[in-house]
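Two complexes are shown next, each including subunit A; its partner changes from subunit B in the first to subunit C in the second.
Let's turn to the complex of A and B:
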């Protein structure tokens, strides 16, 4: 495997899984020159005129779809850790004796550790998609036949759209669908909210299979996935465990340190003048983020301020803000709890979005760069504000990128992070894996103070008279290193053996993940 | 111009406007082999990160879009006869001294007779799209430089999708839009309901310009057209005359003959057993069709029957059926009156559709073939049920195809037509222009009786005991010829000079329209 140094100073392979790669060229330096992927033209002659595309089971659908060795099969992760269909699908593929599948999920979860045996026996060749938990560990230990490819949600749309990844068969689980293949995630016993992560797959895959446990007469309204892109529909008894698909409730952090971070973030938005009528923000579903939303809500109410839109992952806290009139819209990418699902079903102003609308960097603009502020997490950040969100300081790849890279394009990107975890400092000399270039990261908020990227002179000026603990990142770094007894140990890895690569939003290679030596 | 005889026995050119053509091969005989059109990959680098794509005026937008001689410019017709933007656009193009434009509207209306001077002076080379009224007359008289190409709504989507027509610049008028280009037709001072006819243009055109008279802050919800496909946004004082965009009311016929036809159609659906719980139908906005919907509504109420869905063009009569619980859904392609617009805005079960969902023959199925019954008009029908909807017996091309060809695929296609117009029989030996092959047309309903296509033995059997005046088409033909004093005169045309061609839903050439000799 030949490695070259990219514009971020990171070493990346020139070729991955036999395909030539473009190293990261620097911010906004790489310009695509080609044309979008162009699937074969279909004809109604080949589809039932009564619109009934139901076939008896998934095996039959895969057979009709022409499944064979070496194909790329995509799935989406809206069922999160409650998904049983993907495991069942690979059990079926194993029984069909098909080998060397490239599995292209929008993310994988601990429930998919079931698939390790198929990675071992050659049913699955490799995974391109976030590898959370057990599959990430398996990959980092060098056990996967191919090289993992991690993309952001937007990068996944871009890769499909641009024809970098040709999906042979997309298997789309749908909590409600009709026999024509129109499908929605916002209702049914396995309701998950929306299906936006499967949009690109439905548009560009050669064959599209809908799997549902709630088949309704045509038309399934709303149709988040359009039946006109669907080849086959399969009814199964259940898509998974609803409790693991969406939690009934989402938990605000109880940690005093994290509550303090959340409060600092909210106050920062207020003091910096970002929180004003018509503003917009995005925050995820982690405990700190939820607490931030609650603090911000109180501040908005106190000052009688209304947001124009909030970007989800939605939770009951965001839904309350919508229903109490504190925002005109929720533009939602995924629903994290049952209230999010209900609201998406009931509120016309709780809007279904997709990586196409929100994140695709190879579109005519996207929503991410319009956000006034976004609050994200990170596993590590360095003194130049470069950040990592996929691996830990021990070298293990344990998290996906999600929409994280895409969100960095907001007008004010804030990483809300504890200054150390398990006595390991989070601010480091050099991130284990570079996932976000520092020139896109504006503010680091820790329980020990807030560091503003020096290039953001406007923000430094805006909070000059604030009582917030504004410090340099070096000050926080020094204090935490002292407290933890020194810098983290360097991970023990083989720098010659790349087990996975990190794509930037434009499809270029930003960094490599190396095999961990035990 | 070389003509060949196609599978329908009609003569069609081998080449039109310099592009090679495929003659009609027979029903479901032509299979596309290629891949869909693939526009250039864009990048967010080239678009403003704050999402503001507004440029000062249409001229500037056209200039930025790279307008030059010989380009294809598309427009949609949701503003119907109230559209002023298309005329203004060609005034601008004329001032920019650009020539030989292929104008690719989804339809044209009498208001566009303004453009005849641009057809004469070479600004517009030719029109591909329905040419209603004055432009049709102009074309039939052989005055257009190029050859007209008429496609159905579904055929237009197919042609763009398949890359048969590459749109250089799409100009999409939008009654409400945001600076990013998200747009909707269901609100604003020029509200027209929906924008589905512009969907393909927004997806596949090289450059997309939104023109609006109601610019709202991001996000414009709903987004019927997605800003992620849009290059420029232009604000203008007005899109047109709201009274001509949608009529305040739609008029039911008062003609006793047409009321009788409408009543026959409704009774036919009842007696043939088509009107039953969960059924579906489509009917347009003509006076006879409106009357039919009213008769059917009474029958449905009397028997306590509920439809699963009704396909619009919506009118207040369909909206009443939805709001009174006589159908679960309206799947709407265009709104014909203000009540249709209101309902689309207010009722979640009044659903925005497009030629992609409903009509595209080169998709993985479409909605049209799922309809239990569709009621259409025609200008002529022959003894083999072949029908014409674009020209009159004098040879003049005066109407567009609309969704008519696409609708023929329903389970029961009914032509509701007077047996004669202006003392000219409608049932003829040979249609002036073949637009719909007779094997897709099941029933002809006239005020003198109902003729069922002999191949539909099931329908003949179903109404065996009905008191409806079921007759052979020949009987009605004979009676009307006698009444009118003979068959219509043959049109005086030059069979060597093709002024326009009629595409079938699969992109092949079904028939030609010839120059009328005066």
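Let's turn to the complex of A and C:
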């Protein structure tokens, strides 16, 4: 495997799974040209005129779709850890004796550790998406046949649109659908909210299969996925475990240290003057993030401030803000609890979005850069504000990128993180894997203080008179190292064996993940 | 061959470790380490263990360590404990470096609005405790520690006082009931402890016993600064002798009350109205004030009831208490807010302080506002109110120039 040094100083392969790669060229330096990819021409006369595309089961649908060795099959993570369809699909593919599938999920979850046996027996060649938990461990130990490719949600849309990834068959799970293939996620026994992650696949894949456990007569309203893009519809008894698809309630952290971090973030937005009438922010579903939204809400109420829009991951806490008039809109990327699903169904101001509207590199702009502030997590941050979200300091892949890279483009990107976990420093001299370049990361909020990127002189000036504990990142780093008993050792890896690569939002290679030596 | 163990293990254990030592007669030290942070700190942990083996002259042993991300001060305390369980006659101590940030001092009359209890055998709570800015941190050797782990807590607390930065919170330790508590002093006194909380005090003699032991240890370790006492009254007998206890030592800085034990002692339970403890509380306040020390209230034990905590704190403030016990970091801020002076109190205090300044600059012996004379204790109280207001960001430090 030939490696070259990219503009971020990281070594990346020149070719991955036989495809030529472009090393990261620097921030906003890469502009592909030419035309976007095209799906095959289809003709309506080839489809049933009564609109009934239902086939008897998934095996039949895959057969009709022309499944064969080496194809790319995409799935989506709307059902999160409650998904049983993906596992069932690969059970079927195994029975059909098809091999070397490139699995292209929008994200994987611990429930997908079921697929390890198919990675071992060659049914799946490699994963392009995310490699979480047990799949991450499997990949990092060098056991996957091909090289993993990690992309952001926006990067996934980009890769489909510029032809980097050609999806042969998209299998889209839909909590409600009609026989024509119109589908929605906001209702039905397995309701998950929205289906935005499957949008690109529905538009660009050669064959599109809808799998539902709630088949309704035409028309399925709303149609988040349009039946006009769909080839086959399959009815199954269940899509998964509703309790794991969305949690009944999302819980705010009880950890006093995380609450302290959340409080600092909210106060930072106030003291820096970001929290003002008509502003916008993004908050996710992590315990710290939920708490941040609650603290911010109190501050907004106290000062009678209203947001123009909030980007979700929606939860009941954001829904309450919408219903109490603290924001005009929720622009929702995914829905984390039942209240979020209900609100999306009932409230026209709770709008569903997709990676196309929010994050896509090949769009004529996207929402990410319009946000006044986003609050994100990270596994590591280094002294240059570079951050890692996919691997841990022991070198193992553990999480996907999600929308994280895309969100970095906001006007004020805040990482809300503990400065160490148990005895694992989170602020390090050099990140194990580079996923977010430091020039996009503005503020690090820890329980030990807040570090502002020195290039953001405006922010430093804005909070000059605040009583927040503003420190340099080096000060926090030194303190944590002292507490943990010195600098942590780096994992022992085989620098010649790349097990996965990290794509930047533009499709170039930002960093490599190496095989960990035991 | 004797095998001993120390520390904790299990799925839920975090920032702690489990150590097992089997002493051998030959074969050297065989260390089997399994650590959650193997990659990052495996070699450091091994180095630390070998160093401690040399220090305690342990030459032949099988050592098993299951580590769940324990910080060095915890590993040191657990390993020393295992060795001392193996060789109970050993008296030497393996002391981690004294963190220079921990050299700060205290004063008898500093604010003690909040004191945060930290269980003595739970090191995972320590590194971040001070970040929540309680006026005092109490490392507890008493009720929060299981009787079989008292020896473990002594070492954890000793090491924590040396290693862990509590960020200017007053450094307090609650010792065990006497006589066990006297033995605790040996571990903690040389570590710049500021205040000793003495539990279940019923007479002056108990405080004096602690004072005598402290004097001996201060001489032995050449400790120059004052170490203060906060007797805790937790019984009917103690309440009846409150003044005697409050005046038992010149090092008493505050008197406090433990209502869980007190209500049990008088044969009742704590209620939200707290009528059952009114007399005891008022007695504590009067005794403390008569002795010229602070009166500090008990803990509020429902960590989920923030409104209840605020209400209770406001009530005890009106009774004359100056502080409250906290068992969760989130309680600290609520207590500080409830004890903060009101706008009216601040305005009044400002007038008094300004009148005092004027009287001083004019060389007058008497302070007055209009026709009203102001006594010295009133001026002191006004100054305290101003300090509190500044601490709560209700007043600028340079308020006089505005």
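Here is the rule we go by: the second predicted complex is superposed on the first by the 518 of 518 C-alpha atoms of A that agree within 3 Å, B and C clash if a C-alpha of one lies under 4 Å from a C-alpha of the other, contacts with A are read in each partner's own complex, and residues count from 1 in each chain.
The rule is simple: a residue touches a chain if its C-beta (ideal position, glycine included) is under 8 Å from a C-beta of that chain, and two chains touch if they have at least 3 such contacts.
Being a predicted model, the structure only gives us computed values, none of them experimental.
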Which of subunit B and subunit C A:448 touches, first, second, both or neither: second
Which superposed partner A:13 touches (first subunit B, second subunit C, both, neither): neither
Touching partner for A:369 - first (subunit B), second (subunit C), both, neither: first
Contacts of A:240 with subunit B and subunit C, given as first, second, both or neither: neither
Partner chain(s) touched by A:361 [first = subunit B, second = subunit C, both, neither]: first
Touched partner set for A:218, first subunit B, second subunit C, both or neither: first
Of subunit B and subunit C, the chain that contacts the larger number of subunit A residues: B
Touching partner for A:489 - first (subunit B), second (subunit C), both, neither: second
On subunit A, the residue positions that both subunit B and subunit C contact, one per complex: none
Subunit A-touching residues of subunit B, taken from the complex the two chains share: 28, 31-45, 47-51, 53, 161-162, 180-181, 208, 217-219, 221-222, 226-231, 278, 308-309, 329, 331, 348-349, 351, 356-357, 360-367, 369-370, 409, 411, 506
Subunit A contact footprint on subunit C (complex, rising order): 14-15, 36-44, 48, 68-72, 124, 127-128, 131-132, 328-330, 393
Subunit C partner contacts - residues on subunit A that touch it in the complex: 256-257, 259-260, 393-395, 421-425, 447-448, 467, 483-486, 488-492
